[in-house]
Each structure stands twice: as structure tokens, then as C-alpha cells.
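This is the structure I want to talk about, given as C-alpha cells.
Here the chain labels run A, B, C, D and E in written order, and each chain numbers its own residues starting at 1.
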Amino acid sequence: MNELMIMLFAPLIAGFIAWALDIRGIREIVGVIGAAVPLGILVKYYPTITSKGTEGIVQTINVGGFHLVFQLNTLTWYFAVIASLVGVAMAFGMASTSKNSYEWLFALMSYTGVLGVFLSGDFVGFFLFWEIMTFASFMMVLRRNKHESLKYFVLSIIGAYAMLIAIGLLYAKTGTLDFNTIRQALYMDAMIGSISRGEMALIFGLFVTAFGVKAGAVPLHVWAPGAYSEVDQSYTTFFSGALSKAGAYGFLLLYILMGVKLVSALGVWHNHMLFAYIIAWIGAITVVVAGFLAVLQEDIRKLFAYSSVSQVGYILLGLGVGTPLGIIGALFHVLSHAVFKGLFWLVVAALILRTGKTKFEDFGGLAEKMPVTFSMALIAVLSLAGIPPMAGFASKWLLYEAAINAHMPLVAGAIFLGSGLAFAYVVRFLYAVWFGQRPSDLEDVKEAPLPILIGMAVLAIPNIVFGIAPGLVTKYLNGLFSEPVVTGDYFKLVTTNGTYNALLVTILLVFGLAVAGIVFIYGAKTRKVPVTDTYQSGNPVTEDYNLSMRRHFYRPLAEALEFWLRYSWDRFYERLAGLAEDFADTLREGIYNGNVQSYAWYLAIILLILALWGVL
Amino acid sequence: MGGDFISYELKEFKLFEPLFRWARKKSIWLVAFCTGCGGIEMPPLVTARYDIERFGMMPNPAPRMADLFLITGYVTPKTLKRIIITYELMPDPKYILAHGSCPINGGVYWDSYNVVKQLDKYIPIDVAIAGCMPRPEAVMDGIREIMRKIENGEADGWRRYRENYEWYRKNQDELFGEGWRERDAKRWLAWL
Amino acid sequence: MAVTDNEVKNKVESTQKAPQDTQNAKPELPNTKEGRLVKELLEKAPYAEGSVRREKRIEFRVPAERIHEFLEIASEKFEMLMQISVVDWLKEGEFELVYQLWSVSESVHAFVKTRISRENAKMPTVMDIWPVAETYEREAHEFFGIIFEGNPRLGPFILEPREYEKHPLRKDFNTLSYVKTIYGEDFDRYDESKTNYVI
Amino acid sequence: MFEWKLALEAIGMVIYATFMGFIFMGIERKAMARIQRRVGPPIYQPIIDTLKLLGKKESVSHGFIYDFGPVFALGASIAALLFIPLANFQLFSSNADLIVVAYLLEVPMLGIMLGAMSSGNPYSAVGVQRGLLTMVAMQLPYGLALIAIAQYWGTFKLNSIVALQQLHGWSITVPALLLAFIVFDIVFQAMLGLEPFDIITAPAEISMGPMVEYGGKHAALLFTQHAVQLFAETAFFAVLFLGGASNLLELLIKQIAVLFIAIFIASIYPRFTIDQAAKFFWKWPTILGIIAVILAGW
Amino acid sequence: MSLEVPRELREEARKHDMYLTPIAKDTYELFFGPQHMATENFSIILKMDGNRVEKAIVNPGFLHRGFEKLAEQRPYFTNIALLLRICVPESDVPENIYSMAVDEIVGWEVPERAIWIRTVVLEMARVSSWMFWIMGFGNEIGLYTAGQWAAAYRERLMRLFEELTGGRVYHIYTVPGGVRRDIPGDKWLRQLRDTVEYIKSKLKDFDEILFDNYITFERTEGVGVMDKRFALKHAVTGPNLRAVGVPYDVRKDDPYYLYPELDFEVPVLKEGDSLARVLVRRYELEQDLYILEQLLDMGPPSGPYMVQDPKLKNLPRFKVPAGDAYAHVESTKGDFGAYVVSDGSHKPYRVHVRGPSQSHGVTVLEELLKGARLADVPVILKTLDNCPPDIDR
């Protein structure tokens, strides 16, 4: 076994050990070590990757006649390192929140699955690990909620079949499953044109379905809110932070493997590659729809679940823009989304651990009780809302530049709307959970335990570091392309017609804060007053009254959107499922009516048909 | 309120105090609270004919930003509770301008069972204007008086309130009964 | 301009006395709109006494125990309950309740008067007939201490609990002595020697 | 290495912008008063108000975030200001572009909202709700107007936009950008918090909303922030649509012109409710904005 | 924060037979007023769900001075100086109803000149009150300009009042038996005509910025809808009743003073929402200006301005025969009535005032606020034209 294999299977093995031992204390240590091994190895490979460039390291193993190819190049290293970063944070989080070894096993199994998906160099490994990942995450959901897990299962199966058929088609056309070979074959085919336009569109559609399910793109997102909220929240860190990125990676794979062929087959529309344009619009719609839904949620987990869907929409949007700048923006957003959303989920995990509540109406005034968690939440909020200088802003800025440069104004408009929505829902989270009046049953809440705080710190630091020095990421990502797309130094991003100097923004912000701080310090000393001593139109109040708007915070928005909210994808699917069930029922009742005579007739008819067809 | 309020140390501005005094005089914000019938003369005061915004005065709905509390007319105990609460919300330095005869000695309501006769016992008044109801000119005269007092540092009702807080508190409690804030607040719990 | 044409005509009718109706038990009712209204109501409620005061003012006297019944009948003609006035007749030891009704269709004002004992004064509520009575009854309860059975919101309404206990509009509530105990002795216009003061 | 000239310019510009921002606030009040047939306060009144608020001897706090909110808001406003090319002072505008400035101009809102939320007052909460929904509502037309600008001039750099306008004429002379200008002007009312979009403070409904708990030095900071923000936003407007300026006087004239449009609209329209505002923003301004970006793309 | 209602409160509530529900966590309480721009010393406790009102409880009584008690302790003529404080924005209305009721008990024929003056004063009060209402409504919906203009125009009427009566707000002018003093002269009449003309010419300004404004329609249409049955059962009067389609106006239905001789319309709208209430008021303002013009055309009749009665020599001891009377006039807020009972002494035995807000300011307001948005609360308050002193007295 070599290092790549160690890296790949370390989490899985650690998971098995943790599961088998099932001793409190040891299983946590084993799990954290298992999660940290891949990160360590990946960091060790960093110099090799940067020097070797896109070629990377390729390793092959033989499993039952199949050659599984694993490659570690600029792109896969990037994805893998994000996954392992989130994985480490998850492991720390689970050390605090997880109560049994079952979760350790499947969480670490899905970790391996995700790494495998990113590192696979052919479709056999890709599909295999894809299914490991799906299975493990499904098992995680199943433990908490059967209904949601079923939803996730059905959609995943649809995705998996779509992918299997698409791979089959590709294999039929090209005769190979290796990524490099497929890529060359399709590249050649773009000139020859032996694969017809229809077939290509079919393959594209199937892949979009498969990856769209995993990424949670509208209208295939319906599993995400339920599944994200119905697992251990520390695991959701990984689920939303890394697992959904597999979908994004899949979309990127489409570009790499069949981009040229797709362009030649599907053509261009108003100077946009049609297939990319479709992805961009899927992304844009996901951003807006999921954003609106996130704003209107009343459950802390549902809010972030929809928010995750919305943020993955940004990634698809960036990929859909199709220019190198767009892809860099999307990849940057993969990183920043992983770190800020992972952080959010850890915060949520800590909150649920300490309070046992999930509805906004049960929270309030926790900032004083959990100050460290609160400051972590604040970092995540600033990053998600896209406040410069945070990682979330740098990636969003790249996406704006890309969309507008690529002349996709309406798509860029969706980013604007989406970021406004993001602003709205994170502030709602801040208000309902951390500020306002504290319910009396939260009086004895304690600060989150140390492991989960370490996990938060692991994710919070990149938020700030990559925010102030976004050049670290873009410089690395430039390596994907033949010539640098985003120039500038570590702190300054320069595109063809825009600039963003994160360090300067930081310095000026600090300067502004200093000026404001001087004025503040000169003023009178402050006296702290309780919430009952505030403006209540002059009326005396006591803590018996509820003074915080906890439920229906954004009810006016719901009223303004009344017309649109009548339609729901979730209900649509449920109705569809209901219809299918009814249809099957009628079929069953009509055909399997228990009458032996009619069964004989069926047999006769079938035989007749077969005879006519010429089989018999 | 209470001990915390009295023991709290006020900031003394050494260097810029004259500047701040001038600013306090030139920018007096009113609490938007019409406690009595004199409230009807507030709109003329802020509109075209009298326009006190010339002197930098304007009504402000938030008591935290306000400087001047205009007691516009008679005060019933029920209103006085709200006046006290609002007054205590205002940051120091703050001033009270009593408007009309009623806050001084009850005015026409001298024998009414529901009008406070001597407001000065419950909150400190800086300037009182006589008349029922005082014409806007009289109010403006009162305002000029309070401006003069502010500039000279004589408008020290807020300081008196702080120093004699026990006394004021005692009078208030005598009128309303001990623990009136809680009692009053809890009244609505049963209905909601 | 969406103003509909004003259909309200000046409904002043002459108040000339009609020839006396011999069949009627109350022969003094004039044959005007007001007289007819009184007659109509008295036919339905023979326990009441009715009279016409002047143009657009009629008056009924109803025993207290049948007031609800009477008002229910009256509410067909009189759509609005304008006020419930209470007069405290201390010497008689009675409260007089005056239900002021107004008929929009007939433009007539009716006083429906009833008397109840001051001690343990109780009345049935008329909230079910006119919901607005809730406010009037709360007020009458507050100032006079009359209990309207069936009104759920009786309690301190305008007054504070302390004054509410005293029911200040009763004639036996002495304002001046109350003022002295509550607000202190030091108000300047009261002279002990003047028993019957004039301002 | 350290550029003294630039640093001095920046400090000078912050002082100038604060002062002029206060004067703009004074102009706003004075002009409103004149429309209402009053004399109105002296034009420097907001400076006195701020001084007075700063001179309060006592201030009230609800915790660290409550203090941090206004400080953060003012800091972000100052940062945003320094990235806008103001007449012949380029300041740091070569280091950030349209999108960054547009974002930085929204950051102060977060600061105000943070502070307001932490006070726990229900009126503040309603104000926060309204503020954020206004922002969500105006974001789409606002974004479209900015996109139209960037599309048409083909650059995000504010100084390049100014230079291009001085070469080819002001933005508003271009039909597509004229539409964008109209959209931006509607959004501008909401950015300045003026009628018909002064939903956030709405004195008669929620008693100043987020500001209701602020007093003393906190309010002074917010006033200063408002002044800087007013200056920065009007300058941003002038830079984007009115061709920037070659000297501060020209810029000032353009800023005041922009301000007067806002004042006139504000004084003749009542206030929307928040859901009506959202519906309004997503109807006409968005349609106009879409037309503008499509025209600008051609 | 406890979820349960405290035990002692529960007991007390049971004593008063109140409805009891525990405070819910998902709704919150908003104390609306008295220290608030939209309410004039009047308080509503709102139970809110998001931005919608779930339940509203009106808490009046901040302005209670016990007028009815005080009036029993003062002689008949002194009471004028007291009772007019019941309705601050149009203080002539309480003066007039009280005087009318006393006139009726005594049986005085008020001189024609006094009747003319009283009619003019009432109409002037109505116009000035409309101006005040425009100001209030404009401020509530955020149109300060209209309010400022209206308040400025009201000042013209205030100046005329000052010249006629000597007081700006409280006139103490209409007394039982006539008015306190005569018209200052023809110049005053000319000034009044000019003012009426002036305000009339300014109506179109208000139409342009307030009554015909798209946003005003948006804000008021379909807000706080009453139906006819509801309004009658709740004894809603005045413009609010006319906005649901009932053409009830005291000036037409129970005419007093010169109104039978005047030609005017009663504007009626059927919708019953806030917009209808706003527009009815706007048409009434026009009608009132028209009435004032007619009155000025008519000119003051000659004669005394006060009844000639020897009993009036000793005013403080002036005794009124035993009896009772109910008098009401149409104020801008609705049907304002007074019930005066005399036991034959020199002080009234009982004065009971019916403020129009008593009916539409408590139960009606509570009903209309249910389900309203927070932003609608001031609009409903102001379109109902709630006047707190009416309720408190």
C-alpha cells in the first residue's frame, strides 16, 4: 500500500476500528486521527503538486479484474484538501456531539467515499466511491428520520441510475472508462461527430441529473433540507461542506471530459456555450429559490440546509459561466462555502448539543452564555453575507466579475439578489439565537465543549486567512489553466477589468474602526441595562412578556411572495409519488385480482405476443 | 433603575464642556409624548407659523435621543408612571419643561381625584410656563428660558433627580404604592 | 367623486297634535312618527311605559328585570346604542340607567330608563344585542360599581385599580377628601371654612 | 514605501466628507422645511446635534455587540468612502472596483442592525426586519443598474468608468444607462432611507425602528456614519451616472443635484409598507433594470 | 421568561371573570403608545405574530380627569370652561352640546344672531379639525409635507378664533343662552371669507399630494374594513359610518341651529375600508367650506347675542329647573352627545358626555386591528380618527 491508498482508506479503517471498539474516549481519538491522516498526507504532497502541475500523481490498483486509477493533480488535490479539512472539523465536532459508534462508522465511511470520488481517475472507481458515499450518508439519515432518508434514497437512486446509464452510453461510444482516454476520444469526436447531437444531449442530461441531485440543484434539491437537518449536525458539516461538493466536482468533470464535444454538439446561444448556459441558469435559479426559502424557515437546521442549497447554486452558476474566471470563482467558492458553512453547522451542532432545541422560537439571548461559539458564528455570518474582507466575499466577487464579464447580466442579477437574501437569513439567525430576550429555560446553558470549539477554529481560520489573502487560492487555481487568469499578489486580485485588494480593505476597515473607536472612547462611559429597561412606549414591562420576534420574522416577505409560495417542488414530488402509488394500486388491483382464470389469460396473451414477435 | 442608576458615574468633559453646552442649547430634541391637552399646541409649534426647528428643536419619538421632556398639561397618575419611565430612559443631561398651570398646582383640575397636583414632587421640573393653555409664544418664551439656563449650567433638574433620587422615589412610591412597575406591567399578562 | 346622491331628506315633521285615539290605552300619544313608534313598541312590550317628549325624542320606563327583553325588541327599530348613562339618585337609594338609543331609519332618539337599587347593583349585559355595550358597561361598572352580568371584561378600564375600588362617580364619593389623602394637603385653593365652594 | 501623500489625502478626505455629509443632512432638513413653508434649521444643525449627542454625560449599553455595531458601521462607511474616486483625488480607488464599493456601502447596515438587534427591543426587531427586507427588495434592481453600468463601459474600475465618461459623455446620455439611472434613483431613495422607502425608521409606526435604543455617543456615531454614508452614496451616484468630476466643487454640485432629486421625491410621497415596497421593487424597477441590462449588453 | 400566568394573577383574573391564556412563546408583545408618535396619550397592547397583529387590547384612561364628577361640583356657567376640554381639537363641540342641553332644560329660545354665530363657530371648528386630521394622517403615512401645510392653514382659522373669542384653542365662547360676546365686526367676516376662499383654493394641492396619491391608495385600500351591520351594532358614527354606506348625519337627521336652512350634501361611500374613510373626510371638508360660504352669504341676523333673562344677573347662583335633556351635534369624529340632568339646583346633577371615540376607539379598534399589519395600525387609528380624551373624559 502506498500513501495515496493510506490516505484514501484511513478514515474507513478508523471508522471500523471505532465501531468495533466502541469505547468512549478511544473511538473519538481514533476517529479524529483517521480524519486527520488524509489532511496530513495531502499537505505533504503540496510541493509535489505545485511543481508537477496538472499531471499529478497517478496510481493504479487492481480490484477483481478492474484497474482502479487514482490521480492526484492540481484539481483533485484542491477538492480533496477541502474535503479533508472539513472532515477534520467534522471529526472534532463529532467527538463532542456524537453518542455512538454507528455514526462514527458511516461518517468516516462517507469521508472515504468523498475522497475516492475526488481522486478517482476512471468511471469505475468514481461510481464505486460515489455509491459508498451515498450509502454511508443515507445510513446516517436513516438513523434519525425514515421519511427524509427515503426521500434522499429515492432521489439518489434516480441520480445513480442516471449516472450509470450515462456511463454505459459513454462506454458504448468510446469503449473506455478511463477519464483521460474518454477525454481524448471525445475531443477527437468533436471533429468527427460520430456521436450525434441527441445522444450527447441525453448523456449531458443524465449527468446533470446525477450530479444535480448530489449538489442539490433546484428542482432536485428536495432531499437536501430534510437530510441535512436529520443527521448529527457535526456530520452535516461534512455532508453540506464536502459531500455536496462531489456534485460540483461532477459538473466540473463534465467540462474536463466532454466540454469540447458538448460545445460542438449542442452549439452556442448568443455567444454562450449552451450546455454551460443551462448550468448557469440552474445555478441562478437555485440561488434565488433556495435563498427565498431559507429566509422563510422557522427551524435553525432547515435555514442552513436551504442556505447550503443556495450557496451550492453559486458554485454551479460560476461553473456555468464557463470562462476560466468563472471556474476559478466557482472553485474558490467551493472552498469558502466549505469553510463558512461547515463552521455554521458546527455552531448549530453546538447549539443543539447545549440546548436541545432547533426552532428559532425557543432560542434567544445566548451571546452572553456562549461567547466563543458566538464569535465563531459571527465570523461565519460575515463570511457568508460576503462582507469584505472575508473568504466569502473574495469568492463572490470573482463570481460577479465572471458573470458580468461573460455578459450574463441576469445571472449576475441573481447573485445580487442571492447575496441580499443571504444577508437577510444570517441576520435572522443572529437575532433569533444570540440576541433578544433569553427564555428562562436557557438560563443554565454552558459554553460548547472544547473539541467542537477546536473544530470551529479549524474552519474559522481559513475564513479569515483566505479572506485577507485570497491570492493564496487564486494563485494555486491559476495552475489549472495554461496562463494565469487572476493576477495580482497574495492580497490583491486583478482580473481583466476589475481589482480587489483585500489587505487594503482590511487596513482601511481597521483605520475606520480606529477613527470610530476614538470617538466612541471619548464619549461617556456606558452603563449596561437589562432588556426590560428599554423603550416600550413608556410602559413598564417585566421578563414575563415576550419581547423578541421569534417566529415569522420575515412574514412580510412571505406575504409579498404569497403567489409564488403556493407552488412547492416538495409537494409536487409528493403528489407525483402519490399519483404513481395510486396508479400502481389500480394496476395491482386490476391485474392481480386473485382470479386464477385471468392469470391464465395473461399467460396466453403474453405467449401470443411473443409468438407474434417471432421469439417462439 | 435603582442603585445602579445612582452609583453610575457621569462623564465630565473638561476640555470641550463649553462647546457641548452650546451644542446642548442649540439642539434640543423633544420627547414625542403629549401628556395632556397642551399637546394640541405642539403641531403649530413645529409648523410654519412658529417653527421651532429654527432653534434646532425637533420632536423625536425615541426617548434615548431626547433632551427635553415637554409636560404638555395636566398629568394623571396613570400618565405620570409613563412619564417617570420615559424620563428615566433619557440620558443625562435632560430637562423638563412643564407646560400650563396644571403641573404647577392642578389648574382647573385642582379638585380632581385623578390629576397630580404638584408635579415637582415626582420629577424635577426645570422651567414651568403658566397659563391654560399657554400660547405658542409663551411656550417659546419658556424654551428661551431653558436655553439660557442650559447655557449657564443652571438647568440641573437631572442632577437633582440623581442626587435626591431616594426622595423622588419615596414620593412616587407613596403615590403609586411600592412595586408599582411590576404590578402595572403584570396587569396585562392575564389578557394576552 | 364617488359620493352617492344624498338621500337623506330633512325629516322634520310637523308636531301638530293628532286627534286622540280612543282605542289606545295611552291616549296622550300624538299621531306623529314618534307617537307611532312608541305605540308599536308598547304593543310588543306592554310592561313598559312610553311617552313622546318632543320631536325626535321619546322616552320609555322599563322595570329593571325586563330591560334585556325590552331592548331586544327595541333593537329592531333602534339600530344604535349611543350610550348607557347612569345617574346616582342618592336620596332615593337608586341608580337610574338611561340607555340612549338612536334609530337611523326613523331618526328618533329614545331614552330607555330603568331604576335599580344602589346596594348590590346588578344588571344583565346587553352586549349580545349591541357589542358596543361592552365599553359602556365597563365604564358604568368602573364609575358606579354596577355589575353587568355576562360582560367578561369588567375591571379597571379607564381608572387605575386604586380609584377603581372607590367608584368615583358615585354621589357619596367625596372628591376633596380623597384628593387630600392622595396628593397631600398643600394645595392652595381650598378653604376649610367654605362648605359650599365656588370657583 | 509608505505613501505619506496618499495617507494625508485620505485623512483630509475623511474630514471633508464628514463635514460635507453633515452639511448635506442640513440641506436635506432645510430644503424639506422650505417645501413645507417653514424657515427650517440652520444648515449646520446636524453638526450641533451630533456634538450634543456626543456630549451626553451618560450612555446606555446592552452588551459588547451593541457598542460594536455603530463603531463597525462608521468604520465600514469610511472604508467605502476611501475606495470611491472623489474628483481629482483617486485615493485607493485603483484597489477596488464597483462591486467592492457597492458591497462596502451595504456593510454599515449590518453594523446598525447588529447593534439594534442586541438591544432586544421589539421595535428594534421590527426595524431590523424591515431594514433587511428593504435591502433584499432593492438588491435586484440595484444590482441590475450596476450591471448595466459595468456591461456598457466594459470595466468595473470606478476610475476607468469616470475616465470613459469624460471621453464619451455622461452615462445618462446613453439610453440604456438612462434607464439604469432611473432604476438607481428609485433605489437611491431606499439607500438614503427617505420616503417612500423610509420604512426602516418609520417614526409614526415603530418610533425610529433600529435607532430607537440608541442614544448619547452611540447615536452620535450613527449620525456621523449617516453623514459619511450620505456623502459616499451621493458621490458614488455622481461617479457612476453623472460623469464624475474633475474637482471637488464640480463633484459637490453634482452631489447636491442628486440630493435634491431625492429630497423632492421624498417630500411628496407617503411611505410604503414593507411588503408593498418589495412588490414595487420587483415590478417596475426590475423590469426597467432588465431592459437596461439587455440594451447595455448590445 | 415564564410561560405560565402567575398564580395570583390567575386568582385575580378569576375574580373578575377574565379570559385566561398563557403567554405564548411564538408571539410577542408590542406596547403601542402612549409615548409614541401615532397615538396621542393612548395605549394599545398588541400581541404580534411576525408583522401581523393577533390580538389588540386598548388601554385608555391616560387623560381621565373625572370631568363628569367635576361638573357636578361647579355651577352651570363655570362648567363651560371645564367641559370644553373633553374634545381638544374641536373644543366648541362640547361647549355647544352642553349649552344646547341646558337651553332645552331651561326652555330658552336662543336669539337668532347667537344661533348664526354658533353655527359659524361649529363649522370653523370642523374645518380646523379637518386640517388637524390631515396633518395627523399625513404624518402617520409619512407624508409630512401635507401635514405641515394643513397645520399652517389651520393657523389662519386659529387667528380668526382668537379675534372672535379671545382664545386659540379653548374658546369658552358658547354659553347656555347664546354666546359670550358679539362678532368683532365686518372686517372679521371679510377675513373669514378670505380664509375660506384660501383654504378652498388649496384643496387641490392636498388632492394632488395626499388624496390622489398612488401610495395613499396602496396604504389604505382594503385596510380595516367594516361592514354596515358591524358598524351599526358598534354604534360607529360620523364619517366612519358614512364610509360604510349609512347616510347618518346629525345635521340632517336631528337638525339643530341653522342647518335645516342650509344646502349641503352628506357624502357616502360604501366600501368601509380606510380609503373610504379618508375620502369621506375629504368630501366633508369641501362641504363644510361650502356651508361656511353659505352662512357668510346669509350674513349675521341682527339682534342680541344672548338671551335676555333677569335670572342671569346672579350667574354663579343661576338655577336650572329640574329635568333632563340629551343634545348632540355632528363633530368631525362623529356623533357627540351630552346628557344633562338637573335637580333644580345651581349645579348640574349629572353630566354625561358621549364621545364618538367611545364607540369606535375601543371595541371597534380592537376588532379592526386583528390581523392588520403593524404598518396598518397607525392608519387604522387615524382613519377611525380616534380621539383619546373622548374615551377617558
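Following the convention adopted for this analysis, contacts are C-beta pairs under 8 Å (C-beta built on N, C-alpha and C of every residue); 3 or more make two chains touch, one makes a residue touch a chain.
Just so you know, these numbers come straight off a predicted model, no measurement behind them.
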item: Reaching chain E from chain D through chains that touch each other, fewest steps; value: 1
item: Shared chain contacts [chain A and chain B, defined touch]; value: D, E
item: Set of chains whose contacts include both chain C and chain B; value: E
item: Pair of chains joined by the greatest number of C-beta pairs in contact; value: A-D
item: Central chain (distance from its CA mean to the mean of all protein CA atoms); value: D
item: Chain separated most widely from chain E, comparing mean CA positions; value: A
item: Furthest chain, CA centroid comparison against chain C; value: A
item: Inter-centroid spacing, chain E versus chain B (mean Cα positions, whole Å); value: 28
item: Inter-chain centre distance, chain C versus chain E - centres from mean C-alpha coordinates, in Å; value: 21
item: Rounded Å distance between chain A and chain C, as computed from the means of their C-alpha atoms; value: 72
item: Whole-Å gap separating chain B and chain D, where each centre is the average of the chain's CA atoms; value: 35
item: Sites on chain B at which at least two other chains make contact; value: 8, 10-11, 32-33, 47-48, 61-64, 78, 82, 86, 91, 111-114, 186, 188-189, 192
item: Residues of chain E touching at least two other chains; value: 6, 18-19, 23, 28-29, 34-37, 45, 48, 51, 61, 64, 66, 69-70, 73, 148-149, 152, 373
item: In chain D, residues with contacts to at least two other chains; value: 36-38, 54, 56-60, 122-123, 125-126, 129, 203-204, 207, 212-213, 216, 273-276
item: Interchain pairs in contact, sorted by label; value: A-B, A-D, A-E, B-C, B-D, B-E, C-E, D-E
item: Chain B to chain C touching residues, read off their complex; value: 77-78, 105-106, 110-114, 116-118, 121, 175, 177, 187
item: List of chain B residues in touch with chain A within their complex; value: 1, 4-5, 8-11, 33, 62-64, 81-83, 85-86, 89, 91, 180-182, 184-186, 188-189, 192
item: Chain D-facing residues of chain E, complex; value: 28-30, 36-38, 48, 51, 138-145, 148-149, 152, 209-210, 213, 215-216, 218-219, 373-378
item: In the complex with chain E, residue positions of chain D that touch it; value: 32, 35-38, 122-123, 125-126, 129, 195-196, 198-199, 202-207, 267-276
item: Footprint of chain B on chain E - complex, ascending; value: 5-6, 9-10, 12-13, 18-21, 23, 29, 34-37, 40-41, 45, 47, 55, 57, 59, 61-66, 69-70, 73, 81-82, 85, 88-89, 132, 135, 147-149, 151-152, 154-155, 158, 168-170, 389
